[in-house]
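What follows is one structure encoded as structure tokens, with my remarks underneath.
Chain naming follows the written order as A, B, C, D and E, and within any one chain the residues start at number 1.
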Amino acid sequence: MDTLTLALLATLSPLPAFFVALVLLNNRPSMAQAVAIFGTALALLGSVGLLLQGPTEPLRFAWFSSGQIHLQFGFLLDGMSLMFGVAVALITLCVMIYSLGYMAADPGRARYFAMLSLFAWAMLSFVYAVDLLQSFIFWELVGLASFFLIGFWYEKPEASAAARKAFLMTRIGDVGLFIGILMILPLTNNFDLPALLDPDTGLVKLAGPALSTITLLIFMGIVGKSAQFPLHTWLPDAMEGPTPVSALLHSATMVAAGVYLMARLHPLFMAAPDTLHIVLAVAAFTALLSATIAMVATDIKKVLAYSSISQLGFMLMGLAAGSLFAGVFHLITHAVFKALLFLCSGVYIHHFATNDMREIGRRGGRSLGATTLGLAIGAGALAGLPPLAGFFSKEEIFAALGHEGSTLFYIAALIAAFLTAYYTARMFFLIALPDEVVKEHHDDSHHGSPQPIVMLAPIALLAIGAVGLGFFGAAIAAQLGLVPAHHEIASMLPAVGVVILGMALAYFDYGRTAAPRRGFIAAVPALHALFVNKWYIDEFYRAVFVRLNDALSALFFAIESRFFDDGFDQVGHSAIRAGSGASRLQNGWVQFYAGATMFFVGLAALYIGLR
Amino acid sequence: MSDALLFAPELALIVTGLALFACPIFEFRYRTAWLLAAAGGALSLAAALLTIDMSGQPFAVGIYRVDFFSQFAKAALALGFVLVAVISHRPETLDRSAWVEFPMFLLFATLGAMMMVSATELLTLYIAMELAAYPLYIGVALHRSTGNGGESATKYMVQGMIASAVSLYGMSFLYGVFGSTYFSDFVQQLPAATGQPLLWIGTALLLSGFLFKLGAFPFHFWTPDTYQAAPHEVVTYLATVSKVAAIALLCRLTALMTDVQITTLLMWLSIAAMTLGNFAALIQQDVKRLLGYSAIAHAGYVLIGVQTGAQLGFSSALFYALGYLVMSVACFLVICEVGRDSDLISIDALKGLHQRSPLMAATLLIGLFGLIGLPPTVGFIGKWFLFSAALEQGQFGLVLVAAANSVVALYYYLIVLRAAYLEEAVDAAPVSVSPWVRLTALASMAMVLVLGTFPGRFWDMAARAAQALG
Amino acid sequence: MPILSSILLVPILTLCLLLLMPARAVSAIRWLCALSGLAASALSLKLFFAYDSLAGGLQFSEHVSWVEGVGISYHVAADGFGTVLILLNSLVYFTGVLTMWDLGHRVKEYFVFMVLLVIGVYGVFMSQDLFFLFFFYEIAVVPMYPLILVWGSGNKDYAAMKLMVFLLAGSALLFPGLLAIYHEAGMQTFDMVALATHSFDAEFQVFCYPFIYLGFGVLAGMFPFHGWSPTGHVAAPSAVSMLHAGVLMKLGAFGVLAVGMRLLPAGAVYWAPTFSVLAAIGIIYGAFVAMRQSDFKFVIGFSSVSHMGVVLLGLNLATLGKAGADALNGAVFQMFAHGVMTALFFSTVGFIYDRAHSKTLADFGGLGSQMPRAVSLFIIAGLCGAGLPGLASFWPELLVFLAALETYPIIGVAIIGGLVLTAVYILRVFALAFYGPPNPRWEGLRTQDMRGMQLLPRAILVAVLVFFGFYPNAMLNTINQTTAALLGRF
Amino acid sequence: MTLESYLALGLALFSLGLVAALSQRNLIAVLIGIELMMNAASLNFMAFNRYVVEDPAVGQVFVLIIIGLAAAEVAIFLSIILRLYRQRREIDSEHITTLKG
Amino acid sequence: MIEQAVLYLFVGLVLLGGLMAAFARQVLYAIIGLGVALLGLSGVFLFLGSPFVAAMQLLIYIGGITVAIVFAMMLSISMAVQPPQSHRGKSALAVVAGALFFAAVFVAMRGAEFPSPAGALPADAWAISRIGHLLLNAYNVVFETLSVVLLLAIVGAILIARRERKTA
């Protein structure tokens, strides 16, 4: 098949699935599921086909012209997009298959699968977009699809609020992104990515000093999408969505879009050192911040959510440190193992109907053996335990940070890695090694098997990925057209050290038989409270921004009703009053009439006479 | 013979008038007199249209001129008279003992109006003016009610007499300044006399008689009171034929003797009239009274055209006069029909008119839309011409004031419309509308709309008429 | 066959037929109007495709002298803008008739007024004569009063009067303005094509332009003269709100474009900074006020104020700076997109209101599971309002934002930031009315969701939104040449 | 006496008539005031007739017509007063103020 | 000299009558004032060269109109006998209006210039026959119209003054 067909297949095929599932098959969920999975499978097929064909010239088509803008749409088929496209399609498909089990009892699953298709379409189109504006459009649509998915159970007020929050927080970032993109246009008159990135004729040359501003604004969008501080708070809340959705959104796709965009525009960022410093600082701070929160969270999805934020910080650090490969590599490995972790947690949640790790553990989480194994692999990968995938990709990031020579950030990353290892292990220990196990007679009849094959198969697939992907670093680098540096064993030591240290501490706190089962941080109550309350950031936002917004809208509303509405009414009333005044002249007394008349006649005569 | 032809519109009325005079003597029924009057009016209208292109002086040289202007105005007057005559097929609010004579009064008033527009000499003008006025004093006084009829007539007449005395006094000055009563002499001697304040005082005073007929500020006081408590049919006449005659005369006199002092005065009068009329109308509860105030406001609008002192202004004023005639007929026709049994008509009495008589409601709608100045009625295009004429003189501010005024006016017209069209009836008994009135209603609606959408022909006529003013 | 006059004649004939039909023949009346809407739509589509977008300029010109003495002529022609907006009007007309399919109260009169309104709107979009432009403009405005008063709801007395007073106050400004143009040119013609050849004195332009802009701007819901619009929306029946927000408000913007900017370019340039600021304030202001409303239609009403601010901003920016073409394209595109979008909004809200007899947000809650189709449609409209890509209004906003950013960076940043505000109030509606646990009070509505014929008009509107969302070229190709021609005047 | 003094006399008469018309309570007295105003105009005509005009007959005719019309006017007004009196039992101008506002 | 004195007497009568009419507390005095003023006026007319008009003034105005007014006055006999409390403010305002008018016109009148007759008047200029001639030729329309007006006035007056029939 030719490239265009494949590209169309890879991007467009979920769209008809979305439409059909939503509009035509709304009352036939099983057919809707089939259609959706078929669509995504086709997309996977397409993307794999593209990958096999290897990088080619971008395909471009004119889209619209207005004034001096000439926009095009098309497909950018370089190594990064090919690789990432496959990852997206694959993980989406995994999640869909998994959802067959997870959502089996939900009456609205036709809508669910439709929205997944919509999501797949938007995300894949985003990945392959050749034009920055095209990227933005699908970036927004990704946000929209995730809005619907997070708020899938819209009858739950929390879910609806979470969806809203996600949409708004990312929108705030998008404003920056949008401005940034629009600032590019006058400089280049088009948004063609290869042209923009061209080192000789691209934006780097054209923008000059404005480049810092532009990249910073674009980074704002990335902050929103990839849930970096200070716009990260939507992501944990977004866990209100169905767990497979979390797996999808917070592993390979939605949040990855930000990192992907940064990777896409990496040359631009590299040319703007000021921005890079800010990126590094924000990412490092985010990584630390969210790791500390994850340390004390008890909700398994919250832990995973904060770990996502933290890992995204890692990726951005890697990119900002100058290593495209480090960022992308971690992005891909993270996609796999985080999806794995979410899917595993989904099994627990589905089965035990709770998110609380302690509760899961107590009620026999480890009895779900396959899942617990998956959890162990995922957790290991996340913690960066060699030789799992996470180890290699994180190692690249450390190397990049070390290479770049910013000791401060290197240390920050180490601490974050330490914390990651700690809370990951904590999670695992809480589930797998509870202090007591309450045997309960679980009535499985209405649930079916706790680990149906449709749920286990994706887990297995991803687990394999999480184990093996680390060894494909060179291949991935090759796809990116890079040659990964060889790392000395010695340079790996600090990283491995902190990981082991973290896990050990977690074992000391939670794993061993006489463990206190409370984190070491509980020793410092102030910090503990800070972490448990997520650094009070939500409260701060509520107290400042939400209230500011409310106050402003109240102010404007008051202006509207007091000044404009009442003002109009006042004008009306004074007209009426003027009317009654005027008609009071008409007092019914004929001589007054005549007198007034003659008075004015006299005035008129005087006017003429005196001239 | 040709003289008789020139005088044909008036002659038709005179002949009919004599026949009408015989009606009470031979104790004919009202129906006969009514039919006779309508037929006479139609005849006169036909005659006016027939002679519209003629010009000449049927009587002694200089006192009476027939030209396009006069015939155009006469056609309008005759049209108004016919419409009013048809509408008053059962003038219940009129003293029943005077029914048979009633058409005669209207007819002679019309005759007076016709003579006014042709008169080119002060004495003729004066007597024509009085001929046009006295029958209306009588008509207003012939209200059946034992309540306010007399009051209304008294007020009307006191102010009318004062206005005519002022007018007469003004004529005396013109007589003195020019030493003649002939307009032709005026024109001749005007250049020499422009510096005379007495000339312009005389002119201003002379105009007051017509301002009174028009109901313009400061001679507007009679309008609401008289409209409210005079017999509906007489009010209809006052609101239509009378106005046309007054506007025509104002045009003729202003065209004759234009001076910046007079036009400035008229401009201020115009502003005062429309502002006062519109604002005072806002709080009215009685429909006829409200329309009285609206008439004051419209007098103000028409004066916009007159005060330009230019041909475009006169033609726009004449065109508006024609439009105002048909719009008013449409409105008052409804009032005559709906208010047949009551002396006073409050806005509430119109409630649910669309159920009681869709035709009447539609007529009122079209009429009021016209008065508001909305397309596709003649009110819109009429205002367009008027404002355009003022802007030709660069009077942007005046137009702005007038336009703002029309917004104020909107309110009270809509209140009336709302009652008629949009509210449910209290008493849903259908209004019985005689076929004649039906026809008149349709005709007036058609005229309002046709004049509004295809104004070309009529505008050309008005322009020609203004041209004839010289 | 002269296509523009045919388009105009369709509703005129419909009106005549309607007047002749007995009021009892309700279903015949409906079908007549639907057919008329369909015919008008077909003709408008034909016009849309027949318009030679490469040549641009005024096409399908028809010229008949009307009042020769003063130079009034019936001159209709369509440029790119007119073509697009005529199409919009047909669309809203047709879907509006279908939306009111279930009307039972004084049906004949309703359609009479509605058709009258439609005639006026068509007339404005195709008139090339100042007189006829204003003539049709007023015709379009007036029927709103009875339509709101008889078929409206709530505080309709007040709303209808307020609307009329505002709009006619706008025409009170226009009236002297338009006539002043005529007399200043001294060409004895109201023909805009001819007047456009006259270069007006700069001082006059500066003096006259505000009258034109404000006069038309009132109808376009410009801040701070927007008060009539939300109030009117709330009280009006749904199809009237559709026409009102969908096309009527566009008349204002179109007037600014066709009269103000075309004839008085120097005035437009002079005033553009001031009016840009006002428009930008309107965008932000409308969004903030919308955030606090408790009534569906008030939210949409203020969102219209906000969105029309984008149109007006685009118009003003068109006169300034390099990105003029984008700004103007954006403004015109936004007129169309907003028209379709609000039509969808009101059509859907009207549907909900007809069944629930409530428009109060807090009354609902969880309606999403009770009337999923209606709610979905509303959500689509809402997302369009929020400027989501893939729906038509993304493009115009993009273009206007771009121009704003280039011309007035601060305004640009502020209004792009306004996107968040838009999202806030739209999502607030979703959260209050559609999401959350279903309210047992509306359980009865489960069986009354949209179906069949009720779905049709809304589906058409959605299709249009999506079509132009992904294929903006269909719009931009049509208007590009006209934009370029107009920009040539500055 | 000069023309000016005749005119001044006429003006005085007109003004006095006006005062009468405006201040008298009895409608008949109001009528009297108006008659005086008309007579002031007559006086002007006669005066101009004497001093200014080429053909003095015109002014005389004018005055004659004025007299005739005044008679008609008085007849009508008196009958209206009569009617008013029958309706209200008085002809006090200050009491016929039902129609107002 | 005596002529002058008589003229001034008539002028005095006019003013006196006017004052009486304007300020009389009783209608009767107002009527008498009217009569006096008209009488004076007809005298002035004599001096202005027109005995015919003076006679007409006497005959029609004093003999006809004033008498008619006297008859009408009988109606309001109660008011005539017992004059109502005068409204002082109102009279003052009326005087102000009158004075304003007087002043305004007077100011204008002072600067007025009037044309004087071009040549000597023809001999029969003041002849009564000339009036008749005018009325029947140039002013025939006016004359006819006057008769119509009078006729209408009479018919109207009768109709108005007739007792209203009770309407059904």
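Quick note on the criterion: a residue touches a chain if its C-beta (ideal position, glycine included) is under 8 Å from a C-beta of that chain, and two chains touch if they have at least 3 such contacts.
If you're wondering where the values come from, they're calculated on a predicted model, not measured in any experiment.
Peer 1: Using the touch definition from the top, list the chains contacting both chain A and chain D.
Peer 2: In this structure, the chains that contact chain D and also chain A are B, E.
Peer 1: Report the chain closest to the protein's overall CA mean, measuring from each chain's own CA mean.
Peer 2: Central chain is C.
Peer 1: Measuring centre to centre with C-alpha atoms, which chain is farthest from chain D?
Peer 2: Result for the farthest chain: A.
Peer 1: More contacting C-beta pairs: A-E or D-E?
Peer 2: Top pair by contacting C-beta pairs is D-E.
Peer 1: Farthest from chain E in C-alpha centre terms, which chain would that be?
Peer 2: That would be chain A.
Peer 1: Using mean C-alpha positions as chain centres, tell me how far chain A is from chain C in Å, no decimals.
Peer 2: Centres of chain A and chain C (C-alpha means) sit 36 Å apart.
Peer 1: What is the distance in Å between the mean C-alpha positions of chain B and chain D?
Peer 2: Chain centres of chain B and chain D, defined by C-alpha means, are spaced 26 Å apart.
Peer 1: How many angstrom lie between the CA centroids of chain C and chain D, rounded to a whole number?
Peer 2: That gives a centre separation of 63 Å.
Peer 1: Chain B to chain E: how many Å between their CA centres?
Peer 2: Distance between chain centres: 30 Å.
Peer 1: Mind pulling the residue numbers of chain E that touch at least two other chains?
Peer 2: Only 90, 93-94, 97-98, 101, 104-105, 107-109, 112, 114-115, 117, 139, 142, 146, 149, 152-153, 156-157, 160, 164 qualify.
Peer 1: Where in chain B do residues touch at least two different other chains?
Peer 2: Those would be 123, 127, 130, 134, 137-138, 141, 146, 153-155, 158, 162, 166, 176, 179, 197, 201, 224-225, 283-284, 411.
Peer 1: Pull out every residue in chain A that's touching 2 or more other chains.
Peer 2: 583, 586, 588, 590-591, 594-595, 598-599, 601, 605, 608-609
Peer 1: When you check every pair of chains, which ones turn out to touch?
Peer 2: All chain pairs meeting the touch criterion are A-B, A-C, A-D, A-E, B-C, B-D, B-E, D-E.
Peer 1: Show me the residue ranges of chain B that touch chain A in the complex, using the header's touch definition.
Peer 2: Contacts found on chain B: 154-155, 158-159, 162-163, 166, 197, 200-201, 204-205, 208, 217-219, 221-222, 224-225, 261, 265, 276, 279-284, 293, 408, 411.
Peer 1: Per the contact definition, I'd like the list of chain D residues that touch chain A in the complex.
Peer 2: Those in contact with chain A are residues 18, 21-23, 30, 93-94, 96-101.
Peer 1: Show me the residue ranges of chain C that touch chain B in the complex, using the header's touch definition.
Peer 2: Those in contact with chain B are residues 66-70, 72, 109, 131, 134-136, 138-139, 142, 145-146, 149-150, 157, 160-161, 164-165, 168-169, 171-173, 175-176, 179-180, 182-183.
Peer 1: With touch defined as at the start, can you tell me which chain A residues reach chain E in the complex?
Peer 2: Those in contact with chain E are residues 591, 595, 598-599, 601-603, 605-606, 608-610.
Peer 1: Would you mind writing out the residues of chain A in touch with chain B in their complex?
Peer 2: 575-576, 578-583, 585-586, 588, 590, 593-594, 596-601, 604-605, 607-609, 611
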